[in-house]
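Notes follow once the structure below has been shown.
In order of appearance the chains are A, B, C, D and E, and numbering begins at 1 in each one.
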Amino acid sequence: APAAAPDATAPQLRLGYFANLTHAPAIVGVEDGAFQKALGSTALQTSVFNAGPAATEALLSGAVDATFIGPGPTTNAYVQSKAITVIAGTAANGAALVVKPGITTPAQLKGRRLSTPQLANTQDIALRYWLKQQGLATTPTGAGDVSIAPQSNGDTVNAFKQGQIDGAWVPEPYASQLVAAGGKVLVDEKTLWPGGRFVTTDLAVSTKYLEQYPGTVTDLLEGLIAAEGEVNGDPAAAQRTVNGAIGKITGTPLPEDLLKTAWSNVEFTVDPIAGSLKEGAEHAKDVGLLTGDVDLAGLYDLEPLNALLKQAGKPEVSAS
Amino acid sequence: MTALPRLGADGATRPLRLLAAMRRRVLPPLLAVVLALAVWQLLVVLEVRPAYVLPAPATVFAQLGVLIGDPAFLAAVGRTLLRGLSGFAIALVIGTALGLAVARSRFVRSAIGSLLTGLQTMPSIAWFPLAILLFQQTEGAILFVVVLGAAPSIANGLIGGVDEVPPPLMRTARSLGGRGFSLVLRVILPAALPAYLAGLKQGWAFAWRSLLAGELLVIIANAASLGQMLSFYRELSNAPSLYATMIVILVIGMVVDQVFARVTNGVRERRGLSALRN
Amino acid sequence: MTALPRLGADGATRPLRLLAAMRRRVLPPLLAVVLALAVWQLLVVLEVRPAYVLPAPATVFAQLGVLIGDPAFLAAVGRTLLRGLSGFAIALVIGTALGLAVARSRFVRSAIGSLLTGLQTMPSIAWFPLAILLFQQTEGAILFVVVLGAAPSIANGLIGGVDEVPPPLMRTARSLGGRGFSLVLRVILPAALPAYLAGLKQGWAFAWRSLLAGELLVIIANAASLGQMLSFYRELSNAPSLYATMIVILVIGMVVDQVFARVTNGVRERRGLSALRN
Amino acid sequence: MSVLTTVSPVRIAGVGRTFGGATGTIALEHVDLTVEQGEFVCLLGASGCGKSTLLAMVAGLDEPTTGTIDLGGRRTAVMFQDANLFPWLTVGGNIELALRFSGVSKADWKRRTAELLDVVRLPGAERRRPHELSGGMRQRVALARSLAQDAEVLLMDEPFAALDAITRDALHGEIERIAGERGLTVLFVTHNVREAVRLGDRVIVMKPSPGRIVREERVPLPRPRRMEDPEVARRAGLLHDELDVQAGGAR
Amino acid sequence: MSVLTTVSPVRIAGVGRTFGGATGTIALEHVDLTVEQGEFVCLLGASGCGKSTLLAMVAGLDEPTTGTIDLGGRRTAVMFQDANLFPWLTVGGNIELALRFSGVSKADWKRRTAELLDVVRLPGAERRRPHELSGGMRQRVALARSLAQDAEVLLMDEPFAALDAITRDALHGEIERIAGERGLTVLFVTHNVREAVRLGDRVIVMKPSPGRIVREERVPLPRPRRMEDPEVARRAGLLHDELDVQAGGAR
């Protein structure tokens, strides 16, 4: 494709995100105007998604130009289309295997019933891979040494409280909710990763948009860096903003102490921790939830981000 | 003799009649509600399930009060209703046109007759990718899903109705010189009306369900909707709000049913179909 | 004179009739399919949307071939069909009983008549928490959602049918001494049959949609299902498989429609309702 | 009338029927009529004078607005003005349904159905469908169906209106025979004055707006009678003139 | 018949109609009938001999299995054996629908409807609903509806079967008058032999199994005639005997 001028800007940017804790920088950036400020004359138009598939569908079919999204859907979308590019990270960590108090070793999980948010999503893959490493077999259809029953996070919390499941591998704030319901953290996912970090949310743009309007993308990144700064600089204020937005969108804000606990388990960073996404894809292949040739070579383009980081005198991030 | 007061069904005096009407129309649903609440409360008292999954009626109704007092909730209900009505209106036009085409033309019937039911059995979730593909992030995507859910029902109702028009009436209409559009408008549609209305009612149910599912597709910030709230309450394990929202949906459904029942009863009465009941 | 060969509709010779039947029954749907494929291919050729969201028909049909050749996929389809049929069977019994109760008793009608439609408009997602609450993660939870979707439709169809039974026929039946269950079985149900069948068709559509949504609810050991695959493919942004699965669902829906159409046509023919068409 | 023996099977006293509330149509006003056991009573009267309404009330299918109708719990069979065959059943099925509802044992259905179809001159029509029949054939099936019932009081609303003269004459004989054999009490509505005289022990003349009984006429002629009998014709002529006078008065 | 002037309005040639394929019921076999302009032809025949079937084919609502029916594009109006009123319309609405389909301008509907209801002796019944009418009233509304049509050929299937003698006599006069005024060609099915002689320029006698024409009889009596005229009665008696002989032969 003929490269556009490095500062070419678009008349508008359509941006998607979720009303989730792990999308806090996106929410803050939208609510406090960090994105719009950075974008200048480019009109910002936002869409809120409920789950990964809708966000992917929107990005691939050109209904949004960029979206905050989890690593699982990112990988799927890239494998299918090769038409998206991850330009930054947003959040890391914040997922754990929480189990009934009696269970203290992996071996005790044999014959138990665990939940994940959705078949083949990030946590589902993490759980299956981890179990495999512990010598416990699983199948996508729920059979094996450990039975995995994917269900919606809300149902998981209820099922755990009623003792219908023995544990669940879930993201925040549900992990904290399970702990509050008497669960014990058996595995904090970050301990499994090199450096103790793994990506939870990243920012993906349509490759076409990136090629056409590199200037706007840079503006967007600038806004993201500013929003991350706000989130990390004044967590209390950020929590208020995020909870306000969640309350407005979902009808119920999260309980404040729960939000606080969950928040402390998540790290907000622009580092996409590319290694963890790529290894996650390998894990998915390993447990049979991803098939075929998984080539993620062209997924990242971190040059614009690194340029901005360099300008700001911050450490650069790596695409491997 | 005609001036004498008459006894019997037609002759009861006004206040008596009102009381009788009360007994017939208000008492039974009231009893049903009371019974349902009693069973519910009993389950709660017996602690069959913990309160966070099965809250007490009082809790739910308190929450219902809070929700109804919340302008944001009312706005959400209003938004969803508006979407439902506009989607239904579009489905009405498309479904009626399709239904007439299938009912009246053998060719169209064998071409797409079964397709209608096929489309109808397709779950909303399957349409989502296509809806976003076609309509991007607009209300259009939601309406698309709603229309695809409702139009086949409406069409099928109309087709059924037209197929059941008694042949003697059709012969009579044709012998009177009825042709083309005039025949359709003056004879076929009125004759098919009861089944058509039944189709509309089913269509509304499909539209409404598709809508509540479709509202999860694109969440428009600052524009909460009923479908969205429903799934969020579920996600957040907010049982009182979830049940309160279900009650709202139930009541809306029942009100709509009453509207349909009124129309249908009017139609039946005018045709002398309600003459002999029990 | 009766021995002479006759012309006209009844008199065509066998091979000719076969050809005519082909022309009437095979050609139109074929044309419809070809047209749909042509439009689709055109959109692909024009590259209206990239291939990874709107794959070419050839890609999708190739994938369809792969899926159909995969025993696991066939097993999933079989499992879903089985669930659909059993859920529908339960809904049939419950819906029919409810429908009769409402149609025959004024009290029951005003107590729960509107509730049926209210329940029908409740989206499956609202039932999920309750289903899990009552049935845990078992087939029961899926069937619960399916039955709640389909039974009101079946009941409403039956109610509509009973309400439309011509009063003269009811009077005749009663004057013949028809009472109670015998009257219901021998007169009311047959008279209401066409509307009842229409209700069953709608009920199937509701059951099937609820099922495909409900299958995401409960993942049962070693039991892949169509609903699960549908969302799985969507999850993986696997457009060819998604569209191929949609085609499978569409075809199943159309086959079911054909079954209903056969039954309905048989009923209509026996009653002389098909005498005058076009 | 008869005061000595058993109570009369049909006692209609002060019956009125108004449709559609106090301001509606007065179909019948103060009708008194007693029919004796085994009596054949014919009702004559202008179109819309309330004959069908009266029959429906005697059959218990409608309630009088005023007055009482007492049959002492006797079973009725009705043949309506319209055939009202059940379209989902064959001709045989329609008759068998009446037999079933009357508690006739299943073993006898075939035979009884065949017999009844013979009576109405439709032998072998069991397997035909209502929509394949001519108007007169449908009416005869309805007649067979009403005769299939095990009733003591037979109510017939213009049963022979759609029949040609020859078939009708034959059925006159049949109905007379069956009523005699079974000891039926018959209330028979017709527009044909000669038919009324041909069949009735008594002819009741009604008048419309509001519907009421204006005349009763015993027919003491010996049976069997024929429509062509000069005495039948003479009495019919008198009744016809009577009706004519009334009509002139009413219009 | 007439060869000089215009072509006859109804020409039925070699018409047969079989229901239900080659092995089905033969309703009509080889029927030939020509009706002249302005002629009033009555069809008589046993129940099930194919009268209604023939009328439906003349009206273009059914197709003969063999033979041809040619009306030279003339418009027909049909009054069916059953009233077939549209239940969702009032009495007035039913008649107005016929006026609408006949292209009568809306301004005239009210007046024409009132006139027609007067003709059938139901003045002021516009706003009543079909299910509120008695059988004879429904039939009269159907008659008014068929007269509302702007037709050249009038086909009537037992239009007066459900009417009392007085009303029927009045309507005989009306139908005769209207047919004369409009120059209508009428094909009139009846079971009443006297009625046929009273109304017809020609009476056609049919015979069943299979349905066919067995006799034609001109009625050269001067008009107006009355049912009670001795000459009408005499001719009717002859025809009745003729039918009787046939019936004896057929059964």
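Throughout what follows, a residue touches a chain if its C-beta (ideal position, glycine included) is under 8 Å from a C-beta of that chain, and two chains touch if they have at least 3 such contacts.
Chain by chain, the UniProt names read as follows: B, C = ABC transporter permease; D, E = ABC transporter ATP-binding protein.
These numbers were taken from a predicted model, which means no experiment stands behind them.
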| item | value |
| --- | --- |
| Labels of chains that are neighbours to subunit A and to subunit C | B |
| Longest centre-to-centre distance from subunit D, chain (CA-based) | A |
| Identity of the chain that, by mean CA position, is farthest from subunit E | A |
| Distance from subunit D to subunit B - Cα centre to Cα centre, in angstrom | 47 |
| Interchain centroid distance [CA atoms averaged], subunit B/subunit C, Å | 18 |
| Separation of subunit A from subunit D, taking each centre as the mean of its C-alpha atoms, in whole Å | 84 |
| Where subunit B touches two or more other chains, by residue | 49, 53, 128-129, 133, 167, 171, 231, 234, 239, 272, 275-276 |
| Multi-partner residues of subunit E (each touching 2 or more other chains) | 20, 61, 82, 131-132 |
| For subunit A, residues that touch 2 or more chains besides their own | 53, 57, 61-62, 152, 154-155, 158 |
| Residues of subunit C touching subunit D in the complex | 168-169, 171-179, 182, 186-187, 190-191, 193, 267, 270-272, 275 |
| Residues of subunit C touching subunit A in the complex | 49-50, 52-53, 128-129, 132-133, 136-137, 217-224, 228, 231-232, 234-239 |
| Partner subunit C, residues of subunit D touching it in the complex | 56, 59, 61, 75-78, 80, 82, 84, 86-89, 97-98, 100-102, 129-132, 145, 149 |
| In the complex with subunit C, residue positions of subunit B that touch it | 24-25, 28-29, 31-32, 49, 53-54, 104, 106-126, 128-129, 133, 152-153, 156-157, 160, 163-164, 166-167, 170-171, 194-195, 198-199, 201-202, 204-206, 208-209, 212-213, 227, 230-231, 234, 239, 242, 245-246, 249-254, 256-258, 260-261, 264, 268, 272-273, 275-278 |
| Complex interface listing, subunit A residues touching subunit C | 52-53, 56-57, 60-62, 73, 76-77, 79-83, 118-121, 139-143, 147-152, 154-155, 158-159, 164, 290 |
